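Right, one structure below, let's go through it.
We call the chains A, B and C, going by the order they appear; numbering starts again at 1 in every chain.
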Amino acid sequence: MMSSMTSIKGGRYSRSGLPVKFENVARNFKDVAALKSFNLDAEPGELIVLLGPSGCGKTTALRVLAGLEMPDSGRVIIGDHDVTSLPSAKRNIGMVFQSYSLFPNMTAKENVEFGLRVRGQSQSDRSTRSGELLELVGLKSQSDRYPHQLSGGQQQRVALARALAVQPEVLVLDEPLSALDAKVRSNLRDEIRRIQLELGITTFFVTHDQEEALAIADRIAVMHQGQLEQLDTPLAVYTNPATEFVAEFVGTVNRLPGRIVDSSHVDVHNVGLVEYKSDSSFATGSEVEVLVRPESIGIREGSDAGCRILAKSFLGSTIKITLLDRTDRLISVAIPTSDAALVEGVDAVNLYSRGQALLVKGK
Amino acid sequence: MTKYDDELLDSDVRPTGNREEAQIPVGRSSRGRRRGLRNALGAIPFIAYIGVFLALPAISVITTAFQDGNGKFTLSNFNEAVHGVYFKSFVASIELSFVAALVAVVVGLLAALAVSSTTNRVVRSLVTAGSGVFANTGGVPLAFSFIATVGNFGIITKLLKSAGIDIYAHGFSLYSVTGLAIVYQYFLIPLMVLIMLPPIQAIRKEWVDASQSLGASRSQFWRWIGIPLLLPPIFAAFIVLFTDSFAAYATAQALTSGTIPLVPIQLGALISGNVLAGQTNLGDALGAGMILVVVLAGVIYATIQRRTSRWLR
Amino acid sequence: MATIAPDLTPSTKSNSNNSSDVLKLGRPFRYIVLTLVGLFFIVPIVSSARFSFLGNHNSFTISAYTQLFGTAQFWSTLFLSVKVGIGTVFLTLVLLIPTVVWVHVRLPKMRRIFEAISLLPLVVPSVVVTLGVITSFRGLPNIIYGTPVILSLEYVVLALPFSYRALDSSVQAIDLKTLVEAGQSLGAGWIKLLRYVLLPNIRGGIIGASILTFAFCLGEFAVASLLSFTTFPVFLVQVGQLAASQAVALSLIALLFTWIPLAVITLVFSQRRASRSIAVADE
């Protein structure tokens, strides 16, 4: 739909992003610590997703970066400038909010031009720039509409164009998709990613939706109780979570009892031998708790089938199966749809390991 | 553009104002029309009641205004109404209402802004409750409590006199148009607060944050967003306050015993037969004139509103 | 003139943590404004109280009150106003509850239009209404036109801007249509629906509308005096021409009696709204 679909880093505005650094940032609200000693380094042009449950401090981190919230201590550095004490208006950060952030008394075009008007640019310059950006977000034809005449998704596109119009050094998005319908959400998500890559702008994206985070991020920063739990690529966060919290928050896990066999194998109840890696060494024979992803467990028929099938739900490319073992423990397994025949007309099955354990935890 | 079609269909347009359009669907089947008719039946008692006890009196005043004593059409009632003392009373009434409303708009707006800036819950609920209560005050008791305060022998008057300031010697009089304008503030200011609190609170934090992150200063936010958003409700409030003080009768009557030349007072005197009127239906002409002033105020309001709030439509 | 009902509409979109630095007035300025405005409202009350207890040579006396309570007319006019008020409240509820419910269930698209109709009395000043009543109802039987019944009949209309709004917003706050459909699916007829589902759910609105209407009736002067009925406010003006301190005492009583119930409903409604908006605000 657009001539400039090319996604070259550095993009057509030929600016590459700036590094962003949080250093020991802390912020308290009354008695609650929203951020405690938060550290994060973002590479130039990177898209970092701040992921966590509500109240984990991700929005506070974002607002501190944007200058809408002053940290109690610590520093925020953009490029090689310490911006900690700089007011929001002087930081040149483009921001997209959850929803309703468009100025209701201005058309889409006027909204996009707002930042330029503030900077005293001429009407013709503003028009050119807003035309360019509305085209970038695919809303050229809606420029004269007022926000209430636009759908939720369109409003967020305009908000993105408005944030980008001032050529910000950093782009900051605070759950921009959470108020949208599923379909619109995934469209716009891909769109944001495309534009971000095209412009090569360092971007922070806050969400509580792990699927969204996995899909869009260069690196995910999982946050918990005001602190960074893990900062890594989506794949690493998913397959190699640093903490139990990360393992549970990103994706689904089974917690199963097991007994250590040797330094790389653990015998998991009902599943059998599972490979693991761990920094802490466990004595052979010690009782542990093993965290295993549903897709790391396979299903096969057996004579003394130990697990009853409680429910099957078809999710498109996979089938999620809920099982109950003899000790009344629920186990969740995901098998590829191509293996559907395995569970057709079957009441009970045996399990086997198809991958590594995420984490092994001493009891 | 096909990619976006689904989204364009997603016409889940989120209203930014709290208005709802009253749309009447077109092209209904006859069955639907019959049901529509039956639905309308339930509203008849209400409509009929308004018709008999509001519309009928109002219409009879307007039609009688165009008749002479024998029921023949004439404009002479209006001729009388726009001359001499009656014309002056219209001017005085409009002046009074305009000034009183203007003062209340300014003071009330400041008070509303002050209340919405405080986080103190006690102050907040005190002012909200106070506004709800005082906006409904008025009439005779209000007049007497001001007489007790700054009347000829009022407590404050005497207090100031003992301090060497004789306000009545300096041209102040409670029993004047100025005095009335002050007394009216007692219900106009709280009314203004009540009207303005919701729109002020409807200014979203996101708009302020967004404007800041786009580099706007405090004054730029007000110039381009805050004031344009608050102006329509301020106009609306002004019109409400204006018509409110224009129609007020009790306070003025009790305060001045009918000596002040305001339209409602003149009309009241005509009704109770305290004045020898040259023409039988002069009162109806005054009444029609009052309705006209209120309607004109409404029309001016609607015109301004259409210009200032294009974005609401 | 009484003009507007306290805003009984539960607010859905604004919440308390919406205040922002840009909107804030400076702290000293804020308190100066609130203090001055507050004084303007308190001084007349305090002065009235002082005035009503003022005897000869600045002595303290309660004679204004004792004399008033000893006057037969005080009680008779108060009784008349209360009677008119009760009649008006009754008529208002009988007329408005079915109408508001009907509009919400059957004519939801006309809701704004009915709200606009309820505001029409603001367009016709009450003095003009009185004149119209005289010209158009003169011929009616004495039982209506010649008795205070006509006051109740007209007060229903004149208090409409407050009463309708109070009821309408309380019905708006519940999902009436779903409640009705749920009730009907469970086999309830309209009477049972009204009795067990609708009325309990809009009780707040009914109480609010009743208090506002009653307060209006107790204070209304223009129509009553011009139609020559000596209601409480008319009596008050008559007293004012004879004995200032008694009139002020009487005013104070009248003001307190209308303020207290109004303050109660405003507080109750604003608190309910506050709790609702807290429930709305997530995170």
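Here is the rule we go by: contacts are C-beta pairs under 8 Å (C-beta built on N, C-alpha and C of every residue); 3 or more make two chains touch, one makes a residue touch a chain.
Since the structure is predicted, the reported quantities are computational estimates derived from the model, not experimental observations.
Contact count check for A-B and B-C (C-beta pairs in contact): higher for B-C.
Of all chains, A has its CA centroid at the greatest distance from the CA centroid of chain C. Our note on geometry: chain A versus chain B, Cα centroid distance of 52 Å, whole angstroms.
Our note on geometry: chain B versus chain C, Cα centroid distance of 17 Å, whole angstroms. Across the assembly, chain B contributes 204, 209, 211-212 as residues in contact with two or more other chains.
Those residues of chain B lying in contact with chain A across their complex are 1-4, 6-8, 10-17, 204, 206-207, 209-217, 220, 224-225, 228-229, 309-312. By the touch criterion stated above, chain A contacts chain B in their complex at residues 1, 66-68, 87-95, 97-107, 114-115, 117-119, 138, 146-155, 159, 162-163, 166, 172, 181, 183-184, 187. Contact residues of chain B toward chain C in the complex are 18-25, 39-40, 42-43, 45-47, 49-50, 53-54, 56-61, 64, 107, 110-111, 113-119, 123, 125, 127-149, 153-156, 185-187, 189-191, 194-195, 197-198, 200-205, 208-209, 211-212, 218, 221-222, 226, 240, 243-251, 253-254, 257, 264, 267-268, 271-272, 283-284, 287, 290-291, 294-295, 298.
Interface of chain C with chain B (complex): residues 1-7, 11-14, 17-25, 29-31, 33-34, 37, 40-41, 43-45, 47-48, 50-52, 95-96, 98-99, 102-103, 106-107, 109-114, 117, 120-137, 153-154, 156-157, 160, 162, 212, 215-216, 219-222, 225-226, 228, 233, 236-237, 240-241, 244, 247-248, 250-252, 254-255, 258-259, 262-263, 265-267, 270-271.
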